[in-house]
Every structure is written in structure tokens, then in C-alpha cells.
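Next come the structures, one after another.
Paired with chain B in one complex and with chain C in the other, chain A is shared by the two complexes that follow.
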Partner chain A sequence: MEGMASGKKLLTRLAERLTGRFGVTALLILAVLAPFLVQSDYYIQLCTEILIASLLAISLNFLIGYTGLVSLGHAVYLGVGAYAFALLTKNVYPSMWAGLIVAGASCALLAWFMGIFCVRLAGLYFAMLTLAFSQVVYTVAYYWRDVTGGDDGMLGIPKPEIGIPGAFSISLESFTNFYYFVLIIVATLIFLSWKIANSPFGRVLQAIRENPERVEFIGLPVHRYKLYAFIIAGTLGGFAGGLYSTFQGYISPDLLYWTQSGEIVLMTILGGMYSFLGPAFGAGLLLYIRDTVLNFMEYWRIVVGSILVLLVLFLPGGILGFFEGWISRLSIGGDHGDARS
Partner chain B sequence: MELDVSFWLTQFLNGLANAMVLFLIASGLTILLGVLGVLNLAHGSFYMLGAFLIFSSSVIKNPSWFWVGLLFAPLVVAGFGTIIEAFCLRPLYGRERLYTLLLTYGFTLILDDLVLLIWGRDYKSVPIPALFEGRISIGDFSYPVYFLFIIAVGPLLGVFLWFILHRTNFGKLIRAAATDSEMLDALGVNVNRVFTGVFALGAWLASLGGILAAPMRSVEPGMGVEIIIESFIVVIIGGMGSYLGAFVGAVLIGMLKAFGIEILENFAMIFIYALVLPILILRPRGLFGETTI
Partner chain C sequence: MATPVLETWGLSKQFGSLLAVNEVDFQVPKGELCAVIGPNGAGKTTFFNLISGKLEPTAGGVFFEGEDITGLPPHAVVNKGVGRSFQITNIFPRLSVLDNVRIAVLARRGKTLDMFSPIEKHTEEQDEALVILGEVELEHKAHHPTTELGHGERRNLELGITLALEPRLILLDEPTAGMSMEETSSTIDLVKKISHDKTVVFTEHDMSVVFSIADRISVLHQGSIIAEGTPEEIRNDDLVRLAYLGEEV
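Up next, the complex of A and B:
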């Protein structure tokens, strides 16, 4: 009995470590070492894509997990960010930083405009309006051939080198360099998101999810808080879009289609919307599953769809959410990494 | 400017034919929303399944099998819907709405790839059934008979649905469940069975839409996710849960597309969004919707 109890204690402590700072540090070290561990251009690219998708999923989780607003139009930021980056760097000024800033800024503006209307609705109406807005943008991108290239999309989006003009410059053409560049940007933005999520502002968002009326009674402007969440989600999504644009070098209106929005929701739920890093975990898992299944058959959606159905029925907290729940049940009173706490 | 009457008449009738197909899909979707409170993202996949099943029966088997397919394929799809509702959707009703949305999205992914797996990626065409081949001519105006058949079938099915909803016991239960399913449950009615019936009816209607549309359009794997957006728009305009609204919304969208194409070519969809965004913003319950969901 004694041995079992101390064994459980040890396990609990280990679990606490894993989900706390220790886990995040380990994850970061793993991310930094990844190019040396995988040793192949193909997998370095997969890791790069996972990083970008993680940022995208975490950005959406500001709406779904934190504020309780299910958006079915998040692909609009992926697409608009990607087009903004491509149009600027291809046609106007080939600079990585300018491209990313324009991608983020254009999405912030778009989110502000859409948000004014969207945050006044709740539930299915909110989902429908976000879906409708994103489809409008899709239609424009699809048919406005002169600017967007229509359904052919845009090719040859550059990876401009970074550095100080005249002093030094770093080429991002190599897969490893580009991976580290994306890692730095994504890690910084995710860290910022984490700060926001755990600030008093983030707590208000969670309170809105749990009970908007009560927050209103306290005297906080619920609509304005929702709008801020909407803009933060959109801006972060725009940065992900810009990164995706330069990463792929090719974009098409498919990025804006509603099924793409569904995929981002899927990543968020797969990992767990009530845990901060859950969506990132889900993004990694989804891309990994797609890559693995595509190796032996074309029909990866059947696999992912089946996983989603099973998940919704049996593990509604998502995979990471499930493990965290399991861990906090082990450690009495522990509530680590839970966005709800 | 010369007014070309027969041209505009053709556009009008085309718009009407497309509207009737849209009505079949949107009516199921809107009843599902009104009664179950479920936004069924897989509804377009039922439409697609109908179209592919009719391709198998009328092209692979025998052209005269169109009618056999018309009779049995919707029943197969409705059976499919029954299984999905009874085993997967039912456990989720008490939970957040996000989960039902995700579940139906999961089935969209599964069904879309299943269709790819069975029928392949290339476009398929289904011939018009022999009974309705050819065109009708009045003076120098001529129009395909099959499209007229669709235009006639739409209102007929509309009346049929109205009959089910307002003149049968099942319809009475559906309307009661839409108003207050808890009360219905307390009165001793098996609400679960009503919900399953509604879902099956929706799947039946959507696949019927797919079958009727198959000879007018190309049959391809992406057709489900495409039609669902237009159907949503119809439901939003008409009002979620309103079945009359679905009819009006479908005709409105059909006309806007048919005539919008003449004015703005590819940007015709913009007209539709220009209509739907203000409705969602200013009057989310739609033109005919009574309740908010």
C-alpha cells in the first residue's frame, strides 16, 4: 500500500512537471532540435507546416475555446493573409517583414469590420455569419482574375531574405533556415497569445463563454470584449496566412473555402479546445495523420473524419484535453494547463 | 435595345428549375434546424449520394433504371441518415451545439472520400430519362421537357411536405417537437423516434434533390460541399425552421443567379450575399422565421 501511494505521488509530480513549464521547455527544445532529428528536407517542411498550422489553430481557439464563439469562417484570415503577403511581395515590395506586417494588418482590419457585425450574434447565427463572410471573400478571390489570378491562384511567391540592408542578410531559401525563421515568429506569437489568454482580459473572455449575462451585469462591455477577441484571432490568423504564403510559394482560393475553415476547427477540437496548447497539438496530429495516410492511400479524409466522429462521441475534450483531465484527476486539486481554471 | 423574350423566358425557367432542386435540399435542412436544432453540414453529402446512386443505376445498370433508382436510392440514403442520427447524433443532444456541428462535419469528410473511393474523381453525366427527352416548342421558343418536369415536381413535393407536416400525426409530432420537445417528451411521446424520423426525411429529400439534379448538372465529388452553401443561404433568407421560407428563399436565389449572371457574369453570387448579409445582421431569424435558434 505504502509503495503504491508513493508511486502515485511520483507519477503525479511527473505529470505536473510535464504539463507545466517543464513540458513547454521540452517542447521548445524538441522544436529547436527537430531539423537535426528528422534529417530530411521533406520532414523539415512538414514540421514547418505544422508550426504554421499550430498558430492558426491557436488563433481560432481565442474564439472557440476561450470566448465560446464557434466560427466557421476562420479560413478567411489564412486566405487574406496569404493573398496580402503574395500581392505585396510579388507586385510591390519584396520584403519578408513588410509582407508579414501587411498580412497581419489587413486581417486585423477585416476582423474589425466583420467583427462589428458578427459579435452581436451568438450560437448558430454567429457560425452562419462568419461562414457567409468568408464565402464572400472566397467568391471575390475566385472570380477577380486580374488581381488574384482566379482559380489558378498565384505562383512564385518569394521568400525574401531578412537582415539589415548593407550590413548582413540571411537567405531563407534553405529549408532549415526557413524552419527556424518560422519557429521564431510562431513561438513569439504563441507566447504573446499565451500572455493574453492568461491576462485579466483572457479571464473575462472565459467568463463570457461561461455566462455572458453575468458578465454584462458586472458592468463589462461584452460585445467590445468579443470584438477584441475576434480581432486578436483574426490578426494571428493573418500572420499564419502570410507565413503559409511564403512557405508554399503558391496559393489558391481553396485556402478560403469553407471546408478549409472546417479543417481549422477540426485541429482545434482534435487537440482540445480547453487547453492552451491543445489546438497546436491537434494541428500537428492532423498534418501527421494526413501525411502518413497519404503514403499508402489518397483517402485521408475518411480516416480523419472517422477519428473526428469517434472523438466527438467518446473524447469530447480532445486528445490533449483528455490527458490533462486524467492528470489533474491524479493530482488532487491540480488544474494545470486548463484554460478553464 | 431589343428585348429578347424567349431568352429571358429561358433564363426564368432555368432559374426556377434550379430553385426547385435547391428547395428540396433546403427544406430538409431547415426542418432539421427547426426541430433538432442541428446545422447538418453533411446534408450536401446526402444530395451527392443521391446523384451518384442514380448514376450507378441509370448509367451502369440500364437507362430505364432511372425510375427504379428514383424510388429506391432516397430510401437507401434515408436509411443511412437514420443510422447516423440514431447512433451518433442522439447522444449529443444534451451537449454543446459545437459537437453536433463537428459530428456532421466528420460525416461530410467520410462521405466525400467514400464517394471518391467508389466512383472516382472524374465528372460523370447522367442522361435524361427517355420519358422526358426532347424539347417543347411554342413558336420559335423551345425548352427541354425534363426541366419543366423538375419545375412541376418541386411544388408537388412542397404540397406533399405540407401534407405530411400539417395533416398527418407524424407531422403534428414534428411541429410539437419544434415548439417544445421537452413538453412532448413529458407527454409520453418518444421524441427520439420523432427526431430520427425528421433526420431520415431530410436525408430522403436531399438525395431526391441530387437525383433530380443529376441529369441537369455534372455529377462530381465536390457537388455536396458546394450545394450546402447555397442551401444555407436559402435557409437564412427564409428563416431557420420555416418551410415556406425555404421555398421563397430558393426561388429568390434561383432567380438572382439566373438573371445576375447576365448582369455581372461570374460575380452573380455577390448579389446573393448582398441579400443574405443584411438579413443575417438585421433580421437573423429570416423573412419567415418565427423563433430564434
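Up next, the complex of A and C:
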């Protein structure tokens, strides 16, 4: 009996470590070593895309998982961020930093504008309005050929070098350099998101998810807090869009289409919306499945769809969400073991 | 006479053809524990909704400490110093017991726009939340999820959230709804304790509770106040007996 209890305790401690600071550090080390581990340009590219998608999914989760607002138009930030980056670096000035800042800022403005209308609604109406807004922007990108190139999209988006002019510069043309650049930006922004999620402000968002009326009755203007969440999600999504733009070097209105929004929602649900890193995990899984299955057949979405059906039926908290729940149940089980021995 | 904490003048609310609250003139002096009673559908909850800003009156005004608060949104009314609890338990189910109260303390202290420091670092607010949880006898469950609380404990938690706002006027909508006898008596003790230094207006369906603790009682019938007075006066009021109390008292 005693041996079993201590074994359980050890397992519990290990599990807690894995989800806490230790797990995050391990994940970061893995991300830093990834280019050496995969040893192939193709997979370095895939890892880069997963990083960008992780940021995108985590940004959406501020709305879905934290504030309880299901947005079906999040691709609007991916697209607008991407176009903003492309337009600035191609037509005005080829600077990586300026491009990213403009991508984030334009999406912050857009989110502020759309948010004024959207945050007054909840549930299905909120979802429909975000969808409608994103389709409007899609249509504009599709038909405004002079600026966006219409359905041909934009080609030749640069990867401007970074550094201090006159002192030093780092080229981002190599896949590995670019991967590390994206890693630094994404890790910083995800760290920032994590800070926000665990701040008093983040807890208010969760409280709004749980019971908006009660939040109003503890003296907080719910609409305004929803608007802030909307702007934060949009801005972070805009940065992801900017990164995606320079990563691909080519963009088209497809980025803004509603199916793209749906894919970001899928990532969030796959990984688990009540877990901070869940959406990032979902992003990695979705893109990995896409790449693996595409080698065998065109219909990779069938695989993702089947997994999703199984998840909703058996693990409604998402994959990472399930493991976190399992670990916390395990720790409670461990305590009981102690009580008995 | 000092300004009453709460006053309403001609307060009315019409839903379509139904006059739910009909020209109610109502005053509560500072420090009183005042009950609003009446049969189901008399307009008690609507009356509370009008005072707390959840509904806008169709006519009349609401004054808190002499200041016109008619038509202000709920969060603004709360920030003036009016806290309320609900008839249907209104808490944050998936947050911990501590967080339910902590968030209200942070809100009162204006810390909820802090985006970059961890919530645990706000130790003053945490300590205060724990003290409040102690008052509502939930301190030992601070770190549990609210799903582990019983019905009575959830009602107490809701009261704790309201207390955390340090309101000068508290509106309690049926604080003992759905409680067992035991829970009811401990909650009533709590309400009595609160009313020592606060003004409290409450509704309640349990007449023995109302008559034992209220300083003053107002009887609402079909949206209008038909009688007001001390428990003794209300008990002996013929109109009230006819309209509501019947043989019960």
C-alpha cells in the first residue's frame, strides 16, 4: 500500500512539474533545438508556420476561452496584418520592424472599430457579426485590385534584414535564421499574453465568460472590458498576420476567407480552450496532420473533422485540456492515497 | 430629518400593458433593516431591478444619498455604493471560491485594468477577500472550485461578493431562497450582523424571518405599496391581512 501511494505521489509531482514552469521551459528548449533536431528545411518551415499559427490561436483564445465570445471572423486579422505588412514593405519602406508594427497597429484599429459594434452582442449574434465583418473585408481585398492585387494576391513580399543600420545586420533569408526570428517574436508575444491572462484583468475576462451580469454588478462596465479583450486579440492576430506575410512571401484573399477563421477555431478546440497553451498545441497538431495526410490524400480535413467529432464526444476539454484535467484529478487521487495510509 | 439613504419618487415600470411597479414612493433611513414583502408577482424583483439599474423606469426617480441615480447602468450604481445580491444564485461557477470574492475586491479598488502583474501578487486584496470569506464562513473552502459548494454555501458566497464591494446600501433579493432551516437561520444571523453598520433592503418569502428581524416593512401588492410600518403595525393592518397575509399571521 505504502509503495503504491509514494509511487502515485511521485507521478503526481512529475505531472505537476510537466504542466508548470518546468514544462514551459522544456517546451522552449525543444523549440530552440528544433532546427537541429529536424535537420530539414521542409520541417523548419513547418515549425515556423506552427509558431505563427500558435500565436494566432492563442490570440483568438482571449475571446473564446477567456471571455467566452466565439468569434468566427478571426482570419480578418491574419489577412489584414498580412496585407498591411506586404503593402508597407513593398510600397513604402522595406523594414521588418515597421512592417510588424504596422500589421499590429492596423489590426488594433480595425478591432477597435469592429469591437464597438460586436461587444454589445453575445452568443450567436456576436459570432455572426464577426463573420459578417470578416467577409466584408474579404470582399474588399478580393475586388480592390489596384491595392491588393485582387484574387491574384500579392507576390514578392520581402524578408527585410534586421539590425542597426551602419552597425550590423542579420539576414533572415535562411530558413534557420527566420525560424529563430519568429521564435523570439512569438515567444515574447505569447509570454505577454500569459501575463495578461494571469493578471487581474485576465481574471475579469474569465468572470465575464462565467457570468457577465454579475460582473456588471461588481461595478465593472462589461462592454468596455470585452472591447479591450477584442482589441488585444486583434492586435496579437495582426502580428501573426505580419509574420505570416513575410514567411510565405505571397498572400491572397484566401487568408481572409471564413474557412480560414474556422480553422483557427478548430485549433483552439482541438488543443483545449480552457488551457492557456492548449490552442498552441492544437495549432501544431492541425498543421502536422495537414502535412502528413496531404502526402497520402487531398482530403486532410476529413481526418481533422473525424478527430474533432471524437474529441467533442469524448474529450470536450480538448487534448491538452484533457491532460491537465487528468493531472489535477491524479493529484487529488494522490492526496486520498496519503489520507488512507 | 437627515437625507434618507434610498428614496424613490413615483417610481413606475410598465411592461406592455402590465404596470409591474406603480408610482412607488419609498424611503429608507440610514442604518435601517427594511423588508419589502408581497405575494409572487407583486413587483419586488422589478422594484429591485429599477433601483439597481438593471431596468430603466418608465416614470419616476431613484435617489441614493440624495443623488439622482435614475437610469444609470448597473456598474455605475454599484460604484455609487449600492450592492445587490440576486434571487437566483449569481456567482462565477468556474472560478475558485477565493477568486469570486477577490475579483470584487479588485474591482472596488480599481485594480482590474492591471494587465501585467500576476493576480496572486495583489496580496492586500487577497487578504481582504479571505477576511470576507471568513465572514460568510467559507474561508476553509477558499481554494476549492465553487462546484464543490452546497446550495446554502453558494448563496453565502454571493453575499460575500456583494460585501466585498463595501456598499453603503445592500439590496438582498430573497437571501434565503431554497435554503434548509439550518442554512436559513445562519444566513439570517449574517444579515443581522451586516445590518449593524449598513443599510439593508431585503425581500423574503418567509414571514417568520421578516417579522423577527426587520426594523420596518413595506408591503407591495400589484406594483403599489399598500402599507408601511413596523412589524407590529403591519401585523395589525387589516388591508395587509386581506391582501396578503391571510390567516398566516
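As a working rule, the second predicted complex is superposed on the first by the 332 of 341 C-alpha atoms of A that agree within 3 Å, B and C clash if a C-alpha of one lies under 4 Å from a C-alpha of the other, contacts with A are read in each partner's own complex, and residues count from 1 in each chain.
We take it that a residue touches a chain if its C-beta (ideal position, glycine included) is under 8 Å from a C-beta of that chain, and two chains touch if they have at least 3 such contacts.
As the structure is a prediction and not an experimental result, all values here were calculated from the model.
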Partner touching more residues of chain A, chain B vs chain C, is chain B
Worksheet item: Is A:41 touching the first partner chain B, the second partner chain C, both, or neither of them?
Response: neither
Using the touch definition from the top, say if A:259 reaches chain B (first), chain C (second), both or neither.
first
Q: Scan A:222 for contacts with chain B and chain C and give back first, second, both or neither.
A: second
| field | Contacts of A:152 with chain B and chain C, given as first, second, both or neither | value | neither
| task | Check the residue A:203 against both partner chains and state whether it touches chain B (first), chain C (second), both, or neither. | result | second
Exercise for review: Using the superposition on chain A described above, determine whether A:64 touches chain B (first), chain C (second), both, or neither.
Suggested key: first
On chain A, the footprints of chain B and chain C overlap at residues none
Contacts from chain A onto chain C in the complex sit at residues 195-196, 198-204, 206-207, 209-211, 213-214, 216-222, 225
Listed in rising order, the residues of chain A that touch chain B in the complex are 64, 70, 72, 117, 120-121, 123-125, 127-129, 131-133, 135-136, 139-140, 142-143, 257-259, 262, 265-266, 269, 298-302, 304-306, 308-309, 312-313, 316
Chain A partner, complex, touching residues on chain C are 52, 73-75, 78-79, 83-84, 90-95, 99, 102-104, 106-108, 111-119, 122, 161, 164-165
Listed in rising order, chain B residues that touch chain A in their complex are 33, 37, 39, 41, 88, 91-92, 95, 97-99, 101-103, 105-110, 112-114, 116-117, 225, 229, 232-233, 236, 240, 266-267, 269-270, 273, 276-277, 280-281, 284, 292-293
